[in-house]
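Both complexes below contain chain A, partnered by chain B and then by chain C.
The block that comes next holds the complex of A and B.
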């Protein structure tokens, strides 16, 4: 539901003067205060606000780090250690930034999967969904670029593996890879341009986030019932109702975040990244950051490099087709008995792919908690990769046509009252 | 009692089996108790001072520690040598410098100096060590998986080479090191290798290993105590804030059917 006519009234001479010249207070009042929001949003809908906070945390901590960091192959590692040792609260800023990246991704995955479960990608929110995918891709690039900056062993070898993806492109692959490196291998020129781009991309993300929120404010929020807002009875103003609810969720999220920052700051990193980069020594086991692991498993499930890279990017690209692949007329999985189960199977498949992505790259049998399973890791990754694509490309369109959804409530307020009635009847 | 011991043994064997299956045949370090673990963990000053002495008299013969300065030795949260002790330690080292005529000289160390490295560069270090490179120890505890336990296990884990094991010439058998053979000869060879001031525990090999690991944990994470103290404060604040926000949220929504 788009917002109705603006209800903002300037209260003094200055705001009246400003309102007729640049109605920015009116704009903020309309979009951040009065904005009619479905009153049945659950906690899964708080991750948008959490992501805004994490973006700001990352940008501010990153700008301060950039004041002390030196992007040079012989100085980068020691400059990070100088931040940890001699810069006032440098350890705090760095651990906030490095763990902040992980928590940014935790929040974005929950945000994406929430959209998947409640059908937030479906009409009229396709553009909103597509912009979200663009933000996710930009986040992946930014996270990767940032991970190279400390110039430890994983930084260097991670950068080597990822940039080599581009060498899989036929004919021009090698030329493109050398153009990206600015050299014939990952070296100082690569580090300097990665630093430059790592500083640039967060502001691009911020720009796309503005578009994302704009595209949210035209159709309005989806909600757990997945039905359209029918009128004022279905909504509450964003402020103070959702500012307090989001505020509570943000505080709880920061509790988890701060546990890692203060008590386990290196848990989500890899020990090898405290070894300075050395092009002559390849680490025994090159693993990307945890948030790339499912995609890493998809990549490695194919022996052919080019096909693997295509498949990996395809794994994200299928999300972009989802609004048109999903043939169901019901948005929320709450009313889709079959799709709801398939959703959880998909979550399981992605989790296992992530687990496989963290294993050594060989075709030995999978060892799970000390028990050797009678199946090769490679075969398992292939099966799960195939299922992943089948889910989006075949199962989703078919289930949408064949499934009989449960009846959908008439309106949000009616559903709420019915639930209330049932609850009071049960308690009476 | 016997049953408990038996159960512990069985559990240990099961765990060892898991470790064996997961990581090939490299031995996993046994978990140790360390004073700095946990939300309220702190370093033991005396232990860090003893550890520094082990580092200085044993490790520093080959290993550099170029990220640590003498002044760090008297900073809060570390070994906390007195200012005078720290200055005396710094002055006991000769560091390269340039005098006012531009000549390269050696002068006594000052608090701002980094720990001097035993070798001028990697090539010299390799030349003196049978082509093996003694790594810099500044962040070694963070640069190894399960760092403190691993280094303790490595330092105390040297053993006689099993008869079926093919040891390459110049290497030493250590089941905790990847590949089980390591260029570094056992650094802690006898009890009493280091003489500590009165009032310290006897310098057994295990005690020296524990203390030097504590010292290395501090050099890797010199702000650990400050971090944990602030962490407790931040968690208490966020917990209070969450509770307040929760009640504000519930209060506000009380009259809304949702």
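The block that comes next holds the complex of A and C.
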């Protein structure tokens, strides 16, 4: 929703002087304090704030690590070990940064799936959604570049496999990969440019985040009911209501984060990355970081190189079409009895694809908790990949047309009061 | 140009904007080309290798141009299997004869043509050659792709036998040798 005229009043001579020259306090007051926000946001809506914190955590810990890290093929691995053993609190800062990447992705996936469930991508928030996809792709690139830097076995072979995606491009593929590497294989020149770009991209992300928030502040927040804000009764000022709610959620999220940093710092990583890179031997089982696993399963499900790479990028690109593929008049899955179930089926499919992405690359039968299932892993990955695309390209447009949604409430305020009335009646 | 409103000044505007655009594009090129392999990288051209310690059936991995290279001393059975494979069974048809200079020595760029992993020497796959651990491509005893996502055979680097036991990898082969380098990436 459009925010009304600014209500900021400078309180002293200095702020009055500044306000007529650079109204930055007014800007911050309008956007971060007074901003009218739907009064019914639940905790799934706190991940935006959590993501801002994680971006700051990654940038600060990363800048500090760059003071000790050496981006050279003969020194990188040892410089990381020196950070772990000799640099004061180096172990802590590196574990914050490596686990921080994972938690950044946990938060971004929950943030994206929240948007899927409540229809936050639908008009008038398409540009907001598209900018979110850009941020996600930048995060994927940054995470990949960063994972290369320790120059362990997984770093090296992960970099090799990912850069080879570009060799699938017809005719110019080989020239492009050699240009990316600066050599005939992943090499010291590759490591140095990856370090440079890994330092750069987080600031690009920060820039796109600003655009993302700008695009959020034009239509205003979506909400669990998915209905538009009708008037002042539907909203509360961002501060103190959501600064407090977001603050509490951030604290709980950081508590989980701290558990991994302090008590299980290598759980989300791979032991093979503590073996220095060896260009002559690929580890027997290479897996990407967990946040790429569903996409990795999509890639491996296709027995053709170029088509596999296209399909993998397509799995993300299909999100960009979603605002126009979803034909439903209703945003929130709260009022969509069929789509709500299909949403959870999609979550299950993505989870299983992630599970399959972590398995060895043969087409033996799937062994799940010690039980051999009578279906090959490859076939299973193909079925789930096909379903994934069907969900977006066929099921979503069809269900939007065929489904009869439940009636949506008249306004946020009425729905909140009705719920409160029911609760007090029940307790009476 | 029949428009009477077009002046000589308009021409100057368009010409200077055009020249600036071309200049900017030209200035961009050094910043793109700096990422291509540097002169010292390009200089790592040839590697000499002594074949004498290798026994029949053994595969050795050496480094050439920062890439791993397999040198495999094939057994008579492996040579026979490679030579007798019908062309119709091959995804990237090529005779074994076109891939070796001496049937006993198979020399290949050890980079899987799928996404660049090194196929495993221990896991030989369904065709007795190599199995790539990353995405399950199977190669035969001539290094040809037989099953899995890889599109091409393992590439044959240019090489030259200096003597019966010495090979120079990266050098153009003498006449009548194997096909020159096919860097499938």
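Note that the second predicted complex is superposed on the first by the 428 of 428 C-alpha atoms of A that agree within 3 Å, B and C clash if a C-alpha of one lies under 4 Å from a C-alpha of the other, contacts with A are read in each partner's own complex, and residues count from 1 in each chain.
Here, a residue touches a chain if its C-beta (ideal position, glycine included) is under 8 Å from a C-beta of that chain, and two chains touch if they have at least 3 such contacts.
Quick caveat, the model's predicted, so the values are computed rather than measured.
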Would chain B and chain C fit next to each other on chain A once aligned, or clash? fit
Going by the contact rule set out at the top, does A:283 touch chain B (first), chain C (second), both, or neither? second
Mind working out whether A:271 is in touch with chain B, chain C, both or neither, as first, second, both or neither? first
Determine, under the contact definition given at the top, whether A:164 touches first (chain B), second (chain C), both, or neither. second
For A:40, using the defined touch cut-off, is the partner it touches chain B, chain C, both, or neither? Pick first, second, both or neither. first
Take the Cα centre of chain A as the vertex and report the angle out to the centres of chain B and chain C, nearest 10 degrees. 70
In the superposed arrangement, which partner chain does A:179 touch: chain B (first), chain C (second), both, or neither? second
After lining up the shared chain so the two structures overlap, which partner does A:248 touch, if you call chain B first and chain C second: first, second, both or neither? first
Could you say whether A:189 touches chain B, chain C, both of them, or neither, answering first, second, both or neither? second
Counting only touches as set out at the top, which of chain B and chain C does A:72 meet: first, second, both, neither? neither
Superposed on chain A, how close does chain B come to chain C by Cα atoms? Whole Å, please. 9
Where chain A meets both chain C and chain B, residue numbers: 284
Residue numbers on chain A that touch chain C, as the complex places them: 157, 160-161, 163-165, 167, 173-174, 177-187, 189, 193, 279-286, 299-300, 302-306, 308, 360-363
Could you list, by residue number, the parts of chain C that touch chain A in their complex? 32, 35-38, 41, 61-63, 65-68, 110-111, 113-120, 123, 132-136, 148-151, 183-185
Chain B contacts chain A in the complex at 14, 17-18, 21-22, 39, 67, 72, 135, 138-139, 142-145, 147, 178, 220, 222-223, 226-228, 230-232, 234-235, 238-239, 241-242, 245-246, 248-249, 252-253, 256-258
Over in the complex, which chain A residues touch chain B? Could you list them? 39-40, 78, 81, 84-85, 91-92, 95, 236, 240-241, 244-245, 247-248, 251-252, 254-255, 258-259, 261-263, 265-266, 271-272, 274-275, 284, 367, 369-370, 372, 413, 416-417, 420
